[in-house]
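Please find the structures below.
Each of the two complexes below includes subunit A, the first together with subunit B, the second together with subunit C.
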Partner chain A sequence: MTSDRRRAGLLVAPAVLFLAGFFLGPLLLGVGVSLGHGPGGTPGFGQYTRLLGDSYYWEVARNTLGLAAAVTALTLAIGYPYALILTRAGGVAKTLLLLLVVAPLMVNVVVRTFGWMVVFGRAGLLNALLRGLGLPELDILNSWTAIAIALAHVLLPFMVLSIAATLEGLDPALGEAAATLGADPWRQFRHVLLPLSLHGAITGCLLVFALCMGSFVTPLVMGNNRTMVLAVLVYQQLTVTSDWAFAATLGLVLLALVLAVFWLQARLARRLAA
Partner chain B sequence: MNSGWSRGYVVLAGTFILAPLLVVVAVAFTSASFVSFPPPGWSLRWLAKVLADPAFMRPLGNSLVLAALAASGAALLAVPAALALARGGFRGAAEIESFLLSPLSLPALILSLSLLFFLARIGLGGQPIGLWIGHVVVTIPYMLRTVLATYRGVDRSAEEAAMTLGATPLRVFLHVTLPMIRPGILAGGLFAFLVSFDEVAIALLLSTMRTATLPVAILNHIAHNYDPAVAAISLINIALVTVAMLALEFGFGLDRLMLSRGRK
Partner chain C sequence: MRIVSTIALGALALVAGSALAQDKIVVTSSGGVWLESAKANFAACFKQRTGKEAEISVTASNEIMQRLRASPGNPPIHVAVLSETDAIRAGREGLLDKLDFAKAPNLKDVPEVFRKQWNDFAVIQNFGAMIVMVNGEKIPNPPKDWKSLIADTAAGKFGKRVSFPSLTMPWGPMFHWFLVQQYGSEDAVFAQYKAMLPNIAKYWVSPVEALNMFAAKEIDILVYWDGRAYAFAEENKWAKAYIPEPGAFQSAAMLAKPKGSPELAWQYIDCVLSPKAQLGHAQMVKYPIVNSTVVYPDDLKKILTPLAKVRQPDFAQIIERNPAWIDRWNRDIR
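Up next is the complex of A and B:
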């Protein structure tokens, strides 16, 4: 028994040590840097008071949360019906629907963002359609709307897969039982499917919200200074201003917000379960 | 829900999903010297241009090499761990499993920023190995999850039989365990390869001019010039990934891999 345990330890050790050194270690160092323990820093909470005292950063934080909420709502609205249709399909149709939704997942986010630039650009698809319909052209490439749509596209697969994974696990006999007992399709959905799939929807929302808060490629490429979010600000502090201590502080605030969302969602899930 | 409605819905959702990808494919074949949709005419000039342009081809090579090395590193670290975790029976196994999967739930930008500080501190700032380290960290969870699922799903009594018959642990691993988990290792490896090939945040902060990966090169190109070359290189990127995806689907069954995400 002891030798078994020792062997298990030896098998697990390389991966654990690697992540302790190159994942946990750097994160702790990041906390240290934000507290001024970096090159040229003065130890203390200086970076945090600088951040909290400036209304600009509060506005950026509000924008970040607002964008994530909008993108989550969009992906839920598009993704829930899709997941429902996906799980009810069979055979080839199911494989095709699954391929359709995961294919973009494998197209790089930079490429997908570029695709939306071609859609929303001045000489793009949207304006070609509007011209064809005799409507005035739009210039929305650098707007919150365009960024939210592009991000919803990037994150949709996560929502669909989360909901579909829950729906797949449900026994189809549940719906049939409800039907046998005289429930019409709407009541079957409202009283059987919806409550049971809520868990998947919550997981999907949580995942999309968190991923959206950390996304920076799409808002970086499509946005400008009027559409600033925390992740882009972190990137700018690193590359443009080279202010590592402040970048670390902003990054940790972003992380704290993501963790707060996880915590809220966990509480919500517990209450729903009760 | 009746099937007419769902068919209409799938067409709409499909348009939303495919539109930004199809416009990229169309613009890759434009004859114009600027990005416009629909293209005024067709040509292969932009594809020919990027295929001959080291500013794109070198990052493409970098990406392929990095993805292969990251997937190998993740396999070497995660496969043994997956075996021990699936066998279980030791204290803290569940906690260790959560810890090894935790890089998944951290925003990549935060990890990237922390690694940037850390690598600079230990004297590896701007080194190619730093990029590899970052990509191994983010690919370990994919490798671990796939191999765990495979190993938990197989009948392990053959291992016990081999051991009872006096085979050494190494022989049991090579002749019994490895053949059983090979599909998991291959699928996890391909998954890890794709994750690394696709990764932007870490590559952007930890790569240099010389080690820039393909997504970084495309991002930098978009930042400075908005021309059809981006569409052409994107098309090449899409083609490569499509081949890998088809290999995953026909080799292992995509729905099994994707839909097992939510379950354990």
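Up next is the complex of A and C:
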């Protein structure tokens, strides 16, 4: 038993050392930097009091959470049916559907964002289409809508693949058994498929939410001051004002928000499982 | 025994690696035509002089700063091209060597104004100015001066088809400083930003995004860098570029030798500042250079912003005021 434990300890040691060195180390460094001196605050907890005592930063935090929640909801609404179709498809259709959903990940985020700008621009594809149909033009570039659509596009694979992985693992006989017992397709979905695939959906939601909270290229390029999020503020503090202390503070607050949402989602998952 | 031989081989590999590293230096550049020019003009000169390679890394100024801070005294970059403010910060933080006139003799032909603010820790490689691009078909007679341009934009004369740089883009604070000189106070300039906001398609943060908007004719007026503006106007007859009165602020690429980099780095710096490489660079990137012995050919002379037309910002003041400016910009201009 002791020998087994030692072997297990040795096996996990590289992963533990890796995390300690490359995750905890930088995190602690970030905490240290956040307590240091910056141009806009005093050393110690000065940066934290500056951030927490200012309604502007609360507003930006709300924006960040709201955007991440909206993108998560959007990707779930599109991703779940897509994953369902993907798992039920076969042969070439399945390969094509899979390729279609992972395609955004093969394009650099900056290029992809500029692509969306071409689509949403006033002289862009969307408005050309609307003009062609005799409909009024839309001015959605530099808005929350445009940012949410662009982010949902790139984060959709994380949702689809998480749900599809769970759905693939389900025994098809479960649905058939429900049908034999008289359940119509909706009831089969509602009472069999949905509860059993919930963990995949929750995993997808966690991934999309966390990635969205940290996204800055799309909100930076496709947004403006009205669409400010924490990640863009961190980027500004690092690249324009060189205020590392405040950037680290903002980064840690961002991390705390993500962890808080993870904790809430874990509680929800436990409750649903019970 | 096996362990010993592995360690010995590893040590040998490290020694060989460091020997190889001395056969080249690592320098930085911007991308695109800048990279092409660095290869054709600077690295070629360096190779000719020393027989060694200059490996050119396309790296942004803020990233260079992080790398230099991470390895003080043993920099992974041997000649850095930095932004003006980063060059001042790097000098203050002891990350750079002072310019050495004996080791880079071409420095003597560079006027003092191109290195004074940096306390001789960096020298301007080339400079430019932020000027105005217009769609000449739609706006044949654009405002002659900055104040009229801003007033007309605020009045909606051009519709929502104007784009100015955002204060949060890397050279935004310099443009802001320039406008403060025009209007006399920060408050007055922020009032102008706010007044223009309803008619601004976007305060741009990315140069690519800005030029894309102009090229797609989504906007008719764009405040942009002179070299790129003139190059675009040359290829697109509908586009015009001009310098509004009373000129523009100077925007520059700063050349510096990080502390601890090999002596060979001076040869590269000297090459960059040599008359031949400077002229070649100006011809390729279409920005003015700093070696005073260079004589521009006529076709180049007419599109390069003359030194008399540019004002060099007070970078120390910008570094000090910038956090407050950015904070106000984020809160007010929305």
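To be clear about the criterion, the second predicted complex is superposed on the first by the 244 of 274 C-alpha atoms of A that agree within 3 Å, B and C clash if a C-alpha of one lies under 4 Å from a C-alpha of the other, contacts with A are read in each partner's own complex, and residues count from 1 in each chain.
The rule we apply is simple: a residue touches a chain if its C-beta (ideal position, glycine included) is under 8 Å from a C-beta of that chain, and two chains touch if they have at least 3 such contacts.
Just so we're clear, the structure is a prediction, and the values are computed from it rather than from any experiment.
Visitor: With both structures lined up on subunit A, is it a clash or a fit for subunit B and subunit C?
Guide: They clash.
Visitor: Answer with first, second, both or neither: which of subunit B and subunit C does A:G182 touch in the superposed model?
Guide: Neither partner.
Visitor: What is the contact status of A:V118 with respect to subunit B (first) and subunit C (second): first, second, both, or neither?
Guide: both
Visitor: Taking the superposition as given, does A:T203 touch the first partner, subunit B, the second, subunit C, both, or neither?
Guide: first
Visitor: Under the stated touch criterion, which partner chain does A:P136 make contact with: subunit B (first), subunit C (second), both, or neither?
Guide: After superposition on chain A, A:P136 lies in contact with neither partner.
Visitor: Kindly classify A:M228 by the partners it touches after superposition: subunit B alone (first), subunit C alone (second), both, or neither?
Guide: second
Visitor: On the A-aligned overlay, A:V240 touches which partner chain: subunit B = first, subunit C = second, or both, or neither?
Guide: In the superposed model, A:V240 contacts subunit C only, not subunit B.
Visitor: Is A:T95 touching the first partner subunit B, the second partner subunit C, both, or neither of them?
Guide: first
Visitor: Between subunit B and subunit C, point out the one touching more subunit A residues.
Guide: B
Visitor: May I ask you to decide whether A:G169 touches subunit B, subunit C, both, or neither, giving the answer as first, second, both or neither?
Guide: First partner only, subunit B.
Visitor: Taking 202-210, 292-300 or 310-318 from subunit C, which overlaps subunit B after aligning chain A?
Guide: 202-210
Visitor: Of the residues on subunit A, which ones does subunit B touch that subunit C also touches?
Guide: 114, 117-118, 121, 123-124, 221, 238-239
Visitor: In their complex, what parts of subunit A are in touch with subunit B?
Guide: So the residues of subunit A in touch with subunit B come to 4-5, 7-12, 14-16, 18-19, 22-23, 25-27, 29-30, 33, 38, 78, 81-82, 84-85, 88, 94-95, 97-104, 106-119, 121, 123-125, 128, 150, 153, 156, 161-162, 164-166, 168-169, 185, 189, 200, 203, 210-211, 213-214, 216-217, 221, 231, 234-235, 238-239, 244, 247-248, 251-252, 254-255, 258, 262.
Visitor: List the residues on subunit A that touch subunit C in their complex, please.
Guide: Those residues of subunit A that touch subunit C are 39-40, 56, 114, 117-118, 121-124, 141-142, 220-221, 224-226, 228, 233, 236, 238-243.
Visitor: Which residues, counting only subunit C, touch subunit A once they are in their complex?
Guide: Residue positions touching the partner: 62, 85, 89, 168-170, 172-173, 201-203, 205-206, 208-209, 212-213, 216-218, 319-320, 322-324, 326-327, 329-331, 333-334.
Visitor: Report the residues of subunit B in contact with subunit A in the complex, numbered from low to high.
Guide: Result: residues 1, 6, 9-10, 13-14, 16-21, 23-24, 27, 34-38, 76-78, 80-81, 83-85, 87, 89-90, 93, 96, 99-100, 102-103, 105-111, 113-118, 121, 133-134, 136-137, 140, 144, 169, 194, 198, 200-201, 204-205, 214-215, 218-219, 222-223, 226, 230-231, 234, 237-238, 241-242, 244-245, 249, 254-255, 258-263 of subunit B touch subunit A.
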